[in-house]
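Here chain A shows up in two complexes: once beside chain B, once beside chain C.
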Partner chain A sequence: MIAALNRRQALAIGVSAATTAILGGSVLPAAAANDYEDLIKKFTGGKVPTVGRVKIDAPEIAENGNTVPMTIMVESPMTPASYVTEVLVVADGNPRAGVATFRFTPDSGIAEANTRIRLASTQWLHVVAKTNDGAFFMAKKEVKVTIGGCGG
Partner chain B sequence: MATNVRPRIRLDKKQAKKGELVEVKALVSHVMETGQRRDASGKIVPRKILNKFVCTVNGKEVFAADFEPAVSANPYIQFKFKAQESGKVVLTWFDDDGSTIVGEESIAVS
Partner chain C sequence: MISRREFVQVAAAVAALVPGGWSRSFAQQRMTQAELLKFNSVGNVTLVHVADIHGQLLPVYFREPTVNLGVGEAKGLVPHLTGRALLDHYKIPAKSQAAYALSAEDFAALAKSYGRIGGLDRIATILKSIRAERGNRVLFLDGGDTWQNSYTSLQTKGQDMVDCMALLKPDAMTGHWEFTLGEARVKEIVDTLGFPFLAQNVRDTEWNEPVFKSSVMLDRGGVRVGVIGQALPYTAIANPRWMIPNWSFGIREDDLRKEVANVRKDGAELVVLLSHNGFDLDRKLASRVAGIDVILAAHTHDALPEVVRVGKTLLVASGSHGKFVSRLDLDVRNGEVKDFRFKLIPVFADAIEPNAEMAAKIRSIRAPHEAMLGEVIGKTDTLLYRRGNFNGTLDNLICDAMLEERDAQIALSPGFRWGNSLLPGQSITREDIYNATAISYPAAYRLTMSGARLKEVLEDVADNIFNPDPYYQQGGDMVRVGGLAYTIDIGKPAGQRISGLTLRPRGEPIDPAKDYVVAGWASVNEGTEGPPIWDVTMNYIKRKGTVAPVEADHIRVLGS
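Take a look at the complex of A and B:
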């Protein structure tokens, strides 16, 4: 049966098994698992973000995972009445999920920011934006990494 | 040491019309040690990153960011702000060790 699974499915089973182990009251694994879903839940307060309005600009294939350029953009009028307050960026394949949080104000004029990040391996970037009226929007993008950003 | 670091900051324009967007690009030298690596003797190298960044224009916050260890060494940040009035653009990075790195530019708004 294992042979019929692709890597992602096998990984998913592994993760759910690990979760079951935790819920079952056994000891935590030595290395904490990537908790990107928890981070998103904490950020949204449990709300499910709507897909859209967020754009992630990152390379399809990153040769060097130590420094991957990434731009996030959120559609918003950015007026005092309606603007993007915070944008959370998480990576689901790093040892730790958190990447960065950007905070905007109406004086930002546009909800756009660029930075360079570390990615340990091929994985998905998840970006969640929060607006001043409490709505959440998201997007995700896969980045293939040739050389990982954690010395590997 | 972090205190001696001079950030490199570039505004895409020194003079702007009111309401125009000004782009800021900033680069600062910093190791951004993740706290995940081990040294030759197998000991974990303690985490040391710039965990927070704030940009103010005339004392008013226009953009800020929280960084995690997943931000690359020598962190680069690029963002925009809306020109409202002439004044000082101050960029501040906060180190895990409590020190700060500060850079300053000026903008003329007509």
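Take a look at the complex of A and C:
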């Protein structure tokens, strides 16, 4: 016979914690509208960002999708003449693409920030930096959110 | 400039064919300790490496894989050559001792000629001999997966392995399965080891500070050697995170670059990465992180009779279960490796004299449990093995046990790469089952899972193995299945590899919306309930008396 199952057991091997937390057990509609491209366009005013100068430090595979450590760094002298003003972080697989926007001034010293983010599933992080002269730079990185449990 | 002087010494030792039917004693005559240890030494530093012993104090039978598929840039490269292709690649004669040690070709027959391999007492003899010859040039490094996966290592929480390894006096180690003993126990052992446990890539989750030493500087043969440790980056995903809740892993490539710079700054003329990344990951890492002279690879259990070179970095893969000891002689001058010579020494138990001190220690550890472990619970008519990307016969046995003992429709068994082999006709003892199942989270769960969820699980595990980017590979093999058949196209992207899921034996398609009763073990989730998997398996074998699981034909593999 089947022992009475609580939700935890039912999920024991079936699903990552992140999916549970965000979706509350419901099923994500396939191809849910994730507007990361729109958010980037809005941020850049339609300009296509140049790839480079931005670095994303995040794990290749998240240990816990609910709290994924992430550091973003942008190469910049950070002087009144040349500095990063804003950095946009979007996730292309979350129900909502927006993750964070960081604002900097020359007084920031360096254009670097770190935080912990929530990722519903395996997806790409897109980071776009804006400089005071209106240029845009970007980088992206894939972070896997996995069930795990069979390595060894 | 490095002159290419390394060659397949392991094969050269016995180049002649051993025709079928030669007696075991004849085979052994050709295999002497002197011949196995023979080495034309070179240079001023000797690295000795073992890895992935998995708690095995005694010699074992261990059949290497027939299916070990490489993807992406690793496709068709070692260590993804198996069987004949592997033997041809290294020009190893069929049926030779090297063929037996390195491939699955004629395994059961050759096992009868060449016997078991491994045993820490034999490894002790090899080390002693190398140290006698090379004195203070020797550095002995343990790549981890040492403290777990046998009965005594589970029962003593790793103490048996710690005590035995202490006799070998390692200079450093790193880890993976060690962490399944939990944070407190790992800390407790590390504090009393007497040599450093190195892991540059483990941080506490609160302050992101290193939990272990990242590196150690050692003077050998007049050369300053910097050894950096790298634990399995995916320990907190592949194994229960709740056992190590305050530790975070990861590849941490940038931190590794900084550590290489640090040890160079401190005067290291030779930089060694003692790694538990897995071979493909290490191969990629070697192409991206400059300044590492040698990577001692582990985790994926590959045994390679030659070093693999990536740029200036030498990669060594030393096998598993105590089957091999790697010896790498290096001529280091002016901060550069000018020359090297390598030998993957197979630890043939019948040819290598056991070291008396280690043998006595092993006996004393095993004495209280010997009678229980030796109890025969059944017999196998077929070769039992686990290693390979998909179900081995040993996994089929465990899956069959779960299906019957737990009355389930589908069984899932983890794709561990450890677990000894048993020859056809061999008795199955309690110890044999512990050697295939001894983990600190053994509960055999039973639950219902929808067809959709089941596919998701298979897809997820498949991507951990067949993602073309090695930085996304966790190691391990595909989750083993019972009661289920499927097709896998390893070349497809994540989420699209698995198709044709059907329920065995009748072949009815798995319905994504329908629930199925699934039995499994080794869940990484806290609070998993069920009897330990060894009890489930032993009960089944006792009931059957004789088992004869056959090769898997329920998994179709495409895209390889």
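As a convention for this text, the second predicted complex is superposed on the first by the 114 of 152 C-alpha atoms of A that agree within 3 Å, B and C clash if a C-alpha of one lies under 4 Å from a C-alpha of the other, contacts with A are read in each partner's own complex, and residues count from 1 in each chain.
The rule is simple: a residue touches a chain if its C-beta (ideal position, glycine included) is under 8 Å from a C-beta of that chain, and two chains touch if they have at least 3 such contacts.
Since we're looking at a predicted model, the values are computed, not measured.
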item: Which of chain B and chain C A:P59 touches, first, second, both or neither; value: second
item: Which of chain B and chain C A:G98 touches, first, second, both or neither; value: first
item: Touching partner for A:T122 - first (chain B), second (chain C), both, neither; value: second
item: Contacts of A:D133 with chain B and chain C, given as first, second, both or neither; value: neither
item: First (chain B), second (chain C), both or neither touched by A:A113; value: first
item: Shared chain A contacts, counted only where both chain B and chain C touch the same residue; value: 149-151
item: Contact set on chain C toward chain A in their complex; value: 145, 176-177, 208, 232-234, 236-239, 241, 248-251, 254, 412, 414-418, 445-449, 453, 456-457, 460-461, 463-464, 467, 471-472, 474-479, 494, 517, 520, 522-525, 527-529
item: Residues of chain B defined as touching chain A within the complex; value: 21, 34, 36-37, 57, 60-73, 75-82, 84
item: Chain B-facing residues of chain A, complex; value: 66-68, 71, 78, 91, 94-96, 98-110, 112-119, 149-151
item: Chain C contact footprint on chain A (complex, rising order); value: 2-3, 5, 8-15, 57, 59-61, 63-64, 69, 122, 142, 144, 146-152
